[in-house]
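To keep things simple, chains are lettered A, B and C as they appear, and every chain counts its residues starting from 1.
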Amino acid sequence: MIGRYAVRFAALGYLTALLALPVGYVFWRTFRHGFWPAWHAVTTPEALHALKVTLILAGIAVPANTIFGVLAGLAIVRYRFPGAGVFNAVVDLPLALSPVVVGLALLLLYGRGGWLGGHHVVFALPGMVLATMFVSLPFVVREVVPVLREVGTEQEQAAATLGANAWQTFRRVTWPAIRWAIAYGVVLTTARALGEFGAVSVVSGRLEGQTESLTLYVQDRYQAFDDVGAYAAAVVLALIAVTTLILMTALKPKEETR
Amino acid sequence: MRRISLLLLLALAFPALAAGAARDTKLALVAYSTPKDAYGQLIPAFQKTRAGQGVSFSQSYGASGDQSRAVAAGLPADVVALSLAPDLSSLVQKHLVAQSWNKDKYHGIVTRSVVVFVVRDGNPKHIKTWTDLVKPGVGIVTPNPFTSGGARWNIMAAYGGALRAGKTPRQAQSYLAQLWKHVVASPASAREGLQTFLAGRGDVFLAYENEAIFAQKHGQPVQFVTPKATILIENPIAVTSSSQHKQQAQAFIDFLRTKPAQRIFAENGYRPIVTGVTQGLNFPVRPQLFTIKYVGGWPSVEKKFFDPRGGVMAKIIGANGG
Amino acid sequence: MAARAEPLPARFQAAPALAVGLSTLYLSVVVLLPLAAVAWHAHGWGAITSPEAVAALKLTLSLSLVVAVINAVAGTAIAWTLVRDRFFGQSFVNALVDLPFALPTIVAGLVLLTLYRDLAFTRWGVLAALLFVTLPFVVRTVQPMLLELDIEMEDAAASLGASRVATFRRIILPNILPAILSGVALAFARAIGEFGAVVLISGNLPFKTEVLSVYVFGRIESGDPGGAAAASVATLGISFAVLLAIGGLRRLVTRHDR
């Protein structure tokens, strides 16, 4: 009997010390002097620009990776093609790579002297968009693939024999089966895109109002001894994270929960 | 009737359009990290002047060496303001800045500072001179001169301080080796160095006066001592050769050297390059102040001390395993 | 019913070509091309044999291994508490475990630094940051396994007189060990490349708290992208080797009589 309480105590203690306390403490520190100082810190022009940049990055990367995710999922599961295994492995690569390496790759490719260099990609928004797309690529695919496998092709074949074309089949048969998996994948992709730091750090150029994302802004404020600014921006990001968490919990594929 | 109103509209619109065309200029300022606050005040001040009307700015701040390399790698820039001349000279080699950048009256400099010792409250170890730094038990924090270009000022200040104290160049070099043995942390940048020191490491942090003043202004518990023999730090600025707005960029630089602009720099902790703007501010004149020329000038110093393959510092740091 | 990828009727033939073609193009442009640039530009192997690089490598590898071991234990304990235990607020704790996935890494570093000031510029700080970001991996791989495990098997063992510890050791552990190892592999891969969470708290002191990703970043910033690329390739090689080893270990302990 004691065993159960000991494990519970240890597990919860670990989670509290590592996660709950630090996050809670930052919230407390941010709002210690009231709501308005924090609000002012996070509505400075620089902070708002940074937020705008972050939203643009996610606003492009998430839809692109969602469309890719559905197409790739269908390609991998439904249409046998040579190299599908390699394709699958490459899709997973962004999960294994350090974000700094991602940034380096883009710098080498699009920077001055690179293979595709000299077109205002790095040190500008396009480079950051590409970095964000890279790191948030796998999530929709990985959610869609198991569902497609599970669902099978019976219904799609039935629809084909009834005369439906590819688009109609997709819309009426495939889509309803995968839409919640897509939704969950979109939430994960968005969280990853909003939180990206390492890769954009390398390709950014830190141009205020142009290439400083909210995550870079947090580091910038911290290094300028502006604790209030850093915490306020961190809290904004944390609140977005909490929203993401709620959505994740609501949409999570059922076999992982009780 | 309608034709007249149309003409009237055009007549009114014309000056607006003309002014809009003039308002076209956007200057890209790429600078090192510390003068961010200062430029935040200087740019609006410039925009109020005749030359600055209708000029807007994009700004980028980061470590001096990093910014120099970023410009070399394609970061767009009209005005480059860095921490030390070598970071600008490397852009000259890449044909991004004209060779004549430092041939004006001010030798291309826009602000100055000095190397100081940042110490603990009350200076418990009584660190006042370069010799005090190598007393037993003293731990030094200084940025790594191979990652932080600005850290090179610290090293040359130490070297020159030893020369001023009467040492021969060889003895001064072995003083540097002794100094490095006392280094307990050498982070990548000056700002990180200050944070390391404030977090409790070391007894003294080698910094620039303006960095220390910046920290004080932002509420950090910083106390500093200016040694008698110290180096005059000179921060360069230049227009890039790739700029599409060379005239306005030069106008901005000229503005930065006017008394009102230099006063703003002074209020932000920088030593000005013109006289008469330091009333009410404290910039002690040190009796044994010297410049980089005293220790050989940057080109020869870079080669002798900071060549990553065989320079004096490479040997010293390598010998210490970091 | 899990279906094999079955070829669809002839009228679908255009659709597969499109899906495969488009997604392969996207994947190549976004992921493969930049990575090829890294492989191509890797030279200056001095970058990986310098004392600073070797120190960063040793530190990163050892910390990642420690993190993997701690996660194996803590992650299993947390998964256990979430599956086999019942207490108030359990679903909240379950959702909390995903927080490191949702929170930007720079914020993670900042919150740890704020609460645990003394960790700044120390290896313990780096350890804490790595533990934060790798927390969910083992928990989420072990959890479904524990759910699946036949509770009757455990009851049977208990009724035959086996103590709880013996039951755990003989019955449960062998079954969840593969899942633990999968989680460990993911955690290890993540820890090796982590940048954002570490960059503030570690102070990036060369030879003391500088991890590989920060070292690569430093190489890029020092105008040595070739060296950075070389270091990246070397790091990837090493992680790949370790992951293969963990994978082999996993195959070894997977029970084939299931």
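Odds and ends about this structure:
Here is the rule we use: a contact is a pair of C-beta atoms (placed from the backbone, for glycine too) under 8 Å apart; a residue touches a chain by one contact, two chains touch by 3 or more.
What you see is a predicted model; the values in this text were computed from it and never measured.
For the interfaces A-C and B-C, the C-beta contact count is higher for A-C. Most remote chain with respect to chain B, judged by CA-atom centres, is C. Relative to the whole-protein C-alpha centroid, the nearest chain centroid is that of A. Centres computed as Cα averages put chain A at a distance of 38 Å from chain B. Measuring from the averaged C-alpha position of chain A to that of chain C gives a distance of 16 Å. Separation between the centroids of chain B and chain C, computed from CA atoms only, is 41 Å.
Residues of chain B in contact with two or more other chains: 72, 192, 195.
Across the assembly, chain C contributes no residue in contact with two or more other chains.
Counting partner chains per residue, chain A has residues 107, 111 touching two or more of them. Residue ranges on chain A touching chain B, taken from their complex, read 107, 111-113, 117-118, 120, 122-123, 205-210, 223-226.
Partner chain A is touched in their complex by these residues of chain B: 28, 33, 36, 58-62, 70, 72-76, 191-192, 195, 215, 218-220. The touching residues of chain B, counted against chain C in their complex, run 63, 65-66, 69, 72, 144, 146-147, 185-188, 192, 195-196, 199, 201, 318, 321-322.
Across the interface of their complex, chain B is touched by residues 51-52, 55, 117, 120-121, 203-208, 218, 221-223 of chain C. Against chain C, the residues of chain A that register as touching in their complex are 3-4, 7-8, 10-12, 14-15, 18-23, 25-26, 29, 64, 68, 71-72, 74-75, 77-81, 87, 90-91, 93-109, 111, 114-115, 130, 133-134, 137, 149-154, 156-157, 160-161, 165-166, 169, 188, 191, 194-198, 201-202, 215, 218-219, 222, 230-231, 234, 237-238, 241-242, 244-246, 248-249, 255-258.
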